[in-house]
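The structure follows.
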């Protein structure tokens, strides 16, 4: 059912990059809440293709539908939407990093509290989730999912506060890491962003009703208006009143820290038409290509993007360098389902199911290949080979982000450190040799900062988080370094 | 997927009886644990056709598979069994009384405790489940299923005892009602039966490994040996030792009450080839027919069973009365799936999809129809009509159990009291008129007791529970009569 | 999807009998034609469980739906019936003997002729199908199915007659073998039976509209009235007139031969509530048991039927012998789908998925097992073993039909002659030893004739066809003995 | 299952173009014949997404698998490929123009002839198919599909020639229209192209084994070498010899006509990386944009392609005009299945499920939108509106092909002539007003000819076929203009 799975992605060119876990969407007070949520999740599909879930409250009880696969495989089917009546909804689309694809882990998760039901969904990751999980299990709680989201539910259930909103804030204040979170009760929609603002979350409005979602493209698809980004550390509580009006209460913690948005949202995750942190993602990517052309020029006949991630940067590189931009690689959009697990026979043919070289633009040419990032280098190797097979005389690889040295703990699925290309070879030359390129260059960290924010990195107080490049983590890493370190939860494996 | 659903059953002849909820099976220390559990559940399929689940422990982690539909629709598929390695397993097959058919309610349920994981499955119902649920939610617990099984898990998690077995006993001692329960940890298989022994549970053995299951037919299918019934109120803890041997520890509470097995197990639920409470179900049913023939003789040409439930009693009736036993109703076994929700057109034809009259045995004859029980009478009405349409000159209905007046609270799905035939008409004559029979008689309560146990009902201390006939409930009914009475839990509706 | 496949059947007790290919149903002039056809096919499901098809004419064009699996898996689904509007319909349910289960072989088949469309469906087999197929291919025809039905279509298309009815008769007169055939055009419903009347076909009527079907049980399910059997060699043409009235034209060939109905319809194929050739199948089967008791009495404690086929004969045997009839074998109706191909593990357990011994009726008893027929004996062997394992002191097998020595060529799927039990052992004693029985007896051919028709077999002119017992084939066998003998058609293998 | 259906396509931007019917692939003598065919069809998926079929010959019998949906949904599944052994294979991928999506119409079609089996598959359409069909039905043939391919099979079956190759040529010589056809027998692979060479067909080679396919991209995916185009009117017969070598026999008719390849292959159908008629499709499309920029310049700030068809032309336009090329429209690749039939609610929102405006590149800008073609203009209208909603100050539409006035009869699905934008408005200005553009210009016919072939159209003897633009049809149109005109075949409607 899943159209793009990590296994397959890893087999081909766009596999050699990082993956994020999730997208969220919520709306309060709109009669088409579930439909709008389905559309919003569809626009956020690039943030997670494994599964999607929606919860609504129909005035009497909470309703939920969860499905493996794409939003468009199931939702907006009238029969499914008919099971999700009500004017409050939150939804979640998911990419699993754990390999366990059970429906019980698909968000939103729900709990029946003494004060009423609550559903929550989040994007990102908690750096103290395992530590907290151990503590609550030790005091008699039952954990039925393997998702950290459930830990938040337990903290809410155990809070001594009386109102659900206060309980939610009580719980969220205990969570460390990088996350954007949505919660809904029978009358409220609550949005929260982590203290450092690592993961994005924006607020919008349609017909006067508040919306929260991971990216602005989810507002655009339904014609909603962008209001502002939820601030780092902020909790916004929207409550529908008996007269139908909506109260909005934004709370910001006293000890606010400076925001450090994840640079990989700009490099790869966010959709190019989204505006993240007030900056066009497309413009940022073109700037990366422009800066890359300035930093690492090369003689060439054509600039060829590695689709789809490298396209805006390639365009920037071409414009800055004056070398013509050409589609040297053609993408086949009709991938289908069984190619996901191709037979050994097909692997043996070395077949490229999703890409092919456009020989007319490659043969006899010096090709400048522009990609957004290189993670392990395994697919760069394949693509360089494909370009050479199509007759290129030279292949120069230009990467629109710095080398990746460190793992992420905020919701990005990173391979083991020793699998990262940058950790396997001494220098760029050795890497170029490995991938078979005549030359290889990466964008500098300052080049990236300027492309996104307009100025160099401030080492004293970096404007973004860039730990995968620099090792400078924006939070402590309790699960990793604390006493729980190394301990694995014994979990129930399920496919039901 | 489900081949026999309550809606469909209710449309035809065998619908006019009661439904039980579940069957359980568990085995410890056998390398084919999951396969044997699947076969055992298949033999218990008559106790619940909606869904089935199995949990194993593979030496490292717990594994579970849950599926809607018949055991034979999914399990014993090598691909599914391959996901259930390990030598400990418990399984559950289910008939839902609530109408909510979500996989999250399919047992066994599992919890990760501080002392390790535990999975539980039960047959029957708790009469204080709702009361306990409210109490634990009030103290910060999260309930994610709508099943009372989850309440037991919470009680285990919160118990102050250190060993899992002691925690289990601590929890089970708080549960009231009629139930048989199985639990498994990484090394233990635990079986428990309610203090009054309402629901059945037997212990068997295969290759020296202990087995617990709802009925002996689940032992027969795998060639296992019957050891004994688990006693009412008893908890049996089997633990595999490091050397592979198995310790068995049977604990009985001090204040044991006399056993009162549910009579409906003999009347309808149990499979005829099972031995329940040491008595052959088939023999008991034949005895019911024999006693019925003695109590309520009638002039007739043929004794015709209402298939399949009435067959053994009809045979007994025929043998005792000397009237020939004949198959006057033929059953179509090929029902398929879409007939489950027949079109209005088909309903309009008054079509009998599963049964037809065998005219050669009916036409011109005085027919004595023998059924196991009558609940609402709606289907008796249809069957009498079908027999008359086939040319019977007289139709006499004989029912091999007493009139049903009261609802059950121990796991049997009963219609509202005012829907019961016995509560709708003043006397047997009026009932006979309603269903269109020339005469109608029910077996007496003493006739039933003698058929099953060999002696009359002891009013001071009834040997069985017979509350649906007499109103004499074997336990208090806290949820029904306590302060929680009338309160409904706000639950999450889901189809995922 | 298929609930009962030959592989599975062969693994268990009811596998050791023969299989017929098909059932047919047609109706003219009724507004619910497709629904009634679906119901009729459901009643004929025992004649073929592999696939079913229906064709209607909606006044403008022909419509068809074909599905693998049970009638009740697909038809009577309102969405499917909605695709089959119109007041003329024919339908077919099929058991495949060839192993190729492609939809393109599912009947009815259809052809667009110059004079308009025609759809045909048949039950039985042609003994000159292959010979004719070779002839028409040699003259430029294209055969796209592997079904002989298509040969009939070609003969109709090539006929020089102008009316469709005349073309149909022209074609059918060229076909040899045992068959019942239905055809429909835009205005006509045509029924035909082979010259010897081997396969059954009856005519009925509902609301004044003509119906043809394989057995009377398909009339009973929709409340239709039985009119008469279609005679051997007869062709009945029903045509709807412009005023809505229906003309019925029955044509009988001059050189009519005496009818010889297939005895296996009485022994096993037909449903017990059907009336075939004017005789109740149930009564015939009971008579077989009665005659068997007279011919082959034995001392015993219980008469136990092998379900389901042996039940009426066992009842007859019990009544005639005075030995009590008891259910010593219990059948599990919930077989499901994956058990169809059980894992090797399950086979290794020697598990009986569909049957179990009712120990209470077997243990310590001398058991008289009554079965309808024995083909290969492999399953008799298993059942005798099961009865012994349950504690029987003696097991006597009584078979309510004669020994089978010869293959069938009229639509019954027979194993190779050397696989037949009767051909493998010198005498009944050797056979008894093979199956492990203390004694084994078969009904005599005269005993069978008397049970069905009331008198002994007339050797000069047998009243039925009994070639599997006697080798006396009612027709010549052109494909088998002619010049095409041994030649196999090179066919396209397909699963689409 | 189908991921892109006409309904959905028509709802969005890329819907406003034409659709072709099919792609074909065949290989002889390679042990991985089916796998290579599956891969080749995958590369040809853009030519038809509705269904795909493959036939092989395994040395003993022909095998076929046909499936609705994408090649990658089913084929290359090892279980399906395992059903297609053998070293000869032909395959077909299909877009249906008729609306009937029955498997029986999915090619390749197969017939068992006296001289052996033959399977055929074709791309394109016959202009005398209906006429021939009537003739063969009149002489006793049965047509079971509604596909013209079956007509070819009948002509082969009826041919008086003895060899299959001669029969094939005999048949193909009777067919008029535009088509590429593949056939296979037990030892031969045959390729044919229509006399005018309207549809493309190329010959390649892998490991010395001959391959035929619609486009060179199907050679590239498996690393096969391009040999040459099959010439118009040519029939190439490849036969495997007893020693494993392959004989190739190319026959060209005496009365060869000049080739006239379909210009729409260059404008829209063929994949950009294919080489058609010896010319790079990508280069041709870029040239169209370059010529368009010269013919119809406009002041603008950005050149924005309408994805995906307009991209190469937009790049050419940008390079020639000096206006920056920018991605002003972002495509969502995760469409899924249920969005194919979006609820009314979603339609009501006017939601663009597959595209969104990249506001950062549009707002405040004069946008030059470049599309490959305009058919009805309905989607151009929507896209112009979307660009305006995103803040464009001006929107100029430039179309890289001429106005379409006439229907196609050679395999392209064209709307009724009166639905074509060019037939609905008097001039370009009126059209521009209808679609809401500030200006609208089309490429001239000479501009298109120069882009593809390097020189102006030769009116005396056009180098390509361009009938949709000019009305100059390359063949007579017998079905349309002959005596069969207006007559519709009464066909069997089926969904099985």
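Quick notes
Chains: A, B, C and D, in written order; residue numbering restarts at 1 for each.
Definition applied: a residue touches a chain if its C-beta (ideal position, glycine included) is under 8 Å from a C-beta of that chain, and two chains touch if they have at least 3 such contacts.
Model, not experiment: these values are computed from the prediction.
Contact with both chain B and chain C is made by no chain of the assembly. Least step count on the touch graph, chain A to chain C: 2. Chain centres computed from CA atoms place D at the largest separation from chain B. Chain D has its Cα centroid 37 Å from the Cα centroid of chain A. In terms of their C-alpha centroids, the spacing between chain A and chain B amounts to 49 Å.
The mean-CA centres of chain B and chain D are about 61 angstrom from one another, to the nearest whole unit. Contacts with at least two other chains are made by no residue of chain A.
Per the contact rule defined earlier, chains pair up in contact as A-B, A-D, B-C, C-D. Only residues 53, 55, 61-67, 83, 103-104, 106, 109-114, 116-117, 137-138, 140-144, 150, 153-154, 157-159, 489-496 of chain D touch chain C when the two sit together in their complex. Listing the residues of chain C that touch chain B in their complex gives 3-4, 32, 35, 39, 42-43, 45-46, 49, 69-78, 80-81, 217, 220-223, 271-273, 275, 280, 282-283, 308, 311-312, 315, 319, 324-327, 330, 332-339, 342-343, 345-346, 349-353, 356-361.
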